[in-house]
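To keep things simple, chains are lettered A, B, C and D as they appear, and every chain counts its residues starting from 1.
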């Protein structure tokens, strides 16, 4: 029981990054807009953030950057933002596993290279980063961070020596780097966006007055009152200069090879984002509907585990006609710096975070929708809380299939031995979490979530769109 | 338009405080439990917090206290909590208007007096504090804060000289102080709770293993796994010593004179709290039902303005049969330290905080439930956002009557000239906020929210249960 | 040996406070001048500091104050100083023993009382504070700090009810408070300075353009380019209003009862201060001359233990003709926040602070002058360092008599059992510190240091000018 | 006059760095010793500091590092130090000009390269860094800092691919890098020290128990109770492995080409350091003697401008027989974070820092010794302060020749147009500073300061030991 409490915080799956780039042709400073854009992407990374800006009319290579550990509102102040002058810029929010959560690894990576400066913000993970690092080292390269972005930067820099433009260097670099990446790159006079040919991670284009934007999720466009233009296609490189946008699709793969991360639809992305034309909110409503269709159960109330289970619960309610309700109150002050109760404490972290509305559930048969079960410890506690509050039955529905395989593309799914679904039947899991019934999203339904767009389902199926790395990509040195 | 943006943050009504006291008869340290209790009361005050503890078996008057500006998780660390030894203690979270938001005013107030030490945590506002201060000053008293709690402390100290026990001194002091107060007081060997005879503010008793708790809201009992015992009655003084609980009801008024703050039900209290036997959640569901009954409108969707409008929206949906849905995504990282966009910014604070789910509202007739309209600026913007997202109609329902009068009992309602409802018809307000229709909760319904318990409705009706102060109680000196 | 290392930091005697008040008749802000004045008094207290200002033409009782733990340059910023508007103000720097080194105790004490506000800065210790506290408590007073200043404030407030002016209230209060105090008090329209009748602590008057200053030491006047006017006399109350300075000497004692702290001359005060007409530097030079006259020894070099031993060393050199030199390099980055080596460390705190100039002492017979020996641990280490550097002989001269008795007037001298001189002969001490010879300042010389002004020599002689307290004045509660 | 005040802080010449490396063969952690070593080198750099440690028996390339802006005691805590496990490590303190004073540039530089990790600490400046950067960029290198150390690291990394050992790679790199550098490098199993062939900057070897140390100045050895072994020779590479020390002198130049920075003797180094066999203290005493011999003047008192002028003043006194005295009291709390008075302030920064001892100088003819006059603004003010205090005459002696030329080897001497001596006769300077007479150290004396060791005197003579850079080495990009 004590162990379970402690695992709460890690009983979630984490995204690894969000990127935001902006180029204002009218010469206005972009730092403030980038800040609010990052703020809207904060759910994609809470450990560090940074902004680098430059002036396209100023001296080449004069970059102002500010990075720090923590949330956007912890790192930045009005004073800092006002000191970041420049009409072109990139920003980044980052999540990472504990070992490499250091300030050195904060992005954007800002560097001097043969043609001045380059600032690079990256979302995703390469599968061949270790090999590429080693190859570079054998030609005398030095690495000051443990992030893949530095490997990408090196390849761009080396290609730039041989190619006429930075976008061509990016294209050449893309021939060597393999894996998941959505990139936003600022060179002295250009803003470049690139998405890996599989399209694992989102990246889209926005416009606000006379400025272009490149951003991980469309929700951030609404936040700053910008309009959505279109998604960057998997494999596409878009180059924004004062003359407008140029697209290079030479690196694109046939559509059927694409492999969007389906977990963006299920959990990562904000519901108000639209990813490659598919509404994330609609996708979650649909997942709820599927659960109602595929594994119906008689009950009095459908509730979501906040926040992410709510949309699927609504979908379940719509499909089944069973009333939607609220069963939980979440303490909205539980943040990054929350002091977790110690093992010796008589207080449970789950109860600090969530409380049950007795009034709402007492005497009722409850369907509880969650987006995933990782280790199962939290689910067990929440089911028990519902019962203690008087729920007569608790039926758990998960709006995703069971996690069975690690992700090598930028998602922090724990290793198999920590996944409750690994090596267990659904009935065994049901017993562990103490539910009256348990159902997962049918794996066949996954492709419907993206309205038929090709997706990566490796964490559920083990079918990796590209070969996973042969060596441990997490075996990095600590700084 | 610029002005409207800036007013967003102040377009809310604030509670002023939350209190938490605990006495563990087994001698266990209580600081950690108080911390998590305050954490559950954080919505009642975000500007400062503090904990004072003592050891009932140690030397009389040895108090350990720690206070600071900010949220609980900003002020306290494991290290600080572990340094706060003692099996009896009080804690406090505080909100205040800007002028007196200083560290000096943070509570609990810790002081030495004739019988050792006293630590006092207070929720509420006295109406006769200025007179009492002046009277005390004319006998040579000095004041180091601008909080009413210091006036209360003085009266207790002066009475203590003449009375055999501290609880008797509290009772005597209560004969002089007039207004709203829920108090938790720690004297060297006792924990005392007292609630003003009108019962403006909540205060209840809990129990966990061999410890008693006094706390503003019952939700905090669930958080620390304690059980609810009962409410402290309006006018009651409860004294907890190692021999148990003793109650003094000599200060109680006839029930019909009681005047619970109805806004606790409507907005302040957490929905998972039960205030004087009435579920706050149930009260809000009921308010929604009333709106559906009293001012029905044909529509496709009922949504709440997060978070506080959601319960009433659910009630409206239940009563009307119109489907409940989610229309807004709230950025959960907007916190106390949020950098608001400057007036000159091209970014709107409302959009940074809230985004509309187009998918959910496009083409629909939407009923939007909010718990109050203060200045009206936010409502205007949100209605517009719904329309921009494609809502065909927007009908606004408010789960409270219009604010018309100031509160003198601890709630930060702006003066009449800033209240949109002051001097305007509902039709005029509707036009200002741009809704297709607008309805408020019928004022007759208010008493039903508390299931018939006597309430204070002064902010809506101007009928004050006690005479409001004749001089400005906010005219305090700044430190 | 390990113990010795750890004791280094506490092997000093500490002053307890410095005060600074200013009243600018031209209406200029005084916060900046007070800041630099406190900066010049920083040696008198390094644990907390604060400034309170007011506007003599503004609303009565509108006080701006800022206090914090740490040095002036840690607590204040340009931004804070610029926010402190007012043409009248008081400032304070404070040292305290560990137990009560809390923010609550930081001064100036700012309070509301019968006539508006009072800000009070105090240097010294009362001997009857515990009795006075108890008496006040028996009339219903509450205490929020553990500093004597609050007792003084109470007396002034109570007298103020009965007297026509605040200066009369101060005079009446002075009839009750006994001990050491130099006070600077700001009431809404007046700046008041008072010095206890014994004159333990310094206080003088300065002038800069059209502003008057009250300050602990004259060195701070030079710092802000003000001129010295005169000392406040022991027992005198000076009241500065827009009409000028008024003096009240009704509380003065016959001169022979005065008892200036002789340790101000020997160690506390900055050498560039003049205390009651006697140059501190001159006094130290004279002490060195006395040592040379009274206990001459043949040697090649006279050196001071930095910084405070240097002036006496120079005096010794002048008198004896033995060349003055520098034997030590002090690390000037050792500050308040210095991380002392742990007991388990292989590094000695003394060596981190001081290093010997081998070049200067090798092969020489050295006379080393220090201003005091408290526990003796540091002296032992320094003598050894000189020998290790090649000094042939090390003769230690102390520019004060041996410490034998505790101080009750505001100086942090450890209790007798920790004083090396207590119960030991000089020969025994010499052996412990390992010197070739040891001499203290002859006790008869003390009165010559102040050029005949009456002094308190209680810490050397046990002859207290007022009766010491009968109960432990340090037994305070911890916050 | 206002301008003069503001220039005070910049009216000094700054050193750029200090380095410290340690290898403990017994496996003890070295972080704590490195910390105290850096503490003793703090005068060489106050803007950032850092420590990187590794375990020679642990996995290759596992490095723990911690860097930050500020002084050692601001950046490090016991907790941080205790988290830095490893028996081999390097540390660094850094000063820089404002533009590039960023956290990114803090050292040691820690990087992964072909053979694992490398941590590098560097004191000095290369004259061909811009060319080397450009050359590296043309082969695809990326730079993340603006410090020369990154250029050095690249060369070592590239050479390492082709050479069998890291020390051989260092030797090869030294063939390309030109300028001033004292390096301490930690590779997984080795600690390497190297000094440029000219020997501009100091570097010496120490020993403590079973550990070797490489450090900028010998004073830091005393601080941690280590013994001095010998200096690293100009051009020498020493490699410390578990088998002991190996020396490579293949890069050494003929002795007459060596060019030690003479300003280390005059001002930079701590007086208790011995640099290449010559006592810094002795050197300064000698400079004072020379001034007395070469430009004698009749006077009553010789004083130094603290702290650095004191040793030369003592030398002058010894030689001339004129008594040495103290004229100034320096406020020892003026630190890095000192709030300088604003231009509009009525307070002078010089007076905040220094005060004159009237008692010591009144009525006297004073000889005042300073180590340099940069812009002359401070000198002017100090001379005036002496006169205001009653000095009858003020004769200024400078223990160095006039600054006339910029330094390209790591010293922050302002450009010629800001140097008072540039284009002025000594008589003109005398008039500006208002002295009765003025004399500089005779330029012929410089070589005697180093007891005949070859020195660099470029800042006085313009004779650069290596060609200065043809492009501005300070034109760096800002991060």
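Just so it is clear, a residue touches a chain if its C-beta (ideal position, glycine included) is under 8 Å from a C-beta of that chain, and two chains touch if they have at least 3 such contacts.
In UniProt terms, the chains line up like this: A, B, C, D = Amidophosphoribosyltransferase.
Keep in mind that this is a model prediction, so the values were computed, not measured.
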item: Far-end chain from chain C, centres as C-alpha averages; value: A
item: Chain A and chain C, separation of their C-alpha mean positions in angstrom; value: 60
item: Rounded Å distance between chain A and chain B, as computed from the means of their C-alpha atoms; value: 36
item: Mean-CA-position distance for chain C and chain B (Å); value: 48
item: Interchain contacts (touch definition) - all pairs; value: A-B, A-D, B-C, C-D
item: Chain C - residues contacting chain B, complex; value: 61-65, 103, 109-114, 117-118, 133, 137-144, 146, 150, 153-154, 157-161, 477-479
item: Residue numbers on chain B that touch chain A, as the complex places them; value: 32-33, 35-36, 39-40, 42-43, 71-74, 76-78, 81, 208-209, 219, 222-225, 270-272, 279, 281-282, 285, 307, 310-311, 314, 318, 323-326, 329, 331-333, 335, 337-339, 341-342, 345-348, 351-352, 355-360
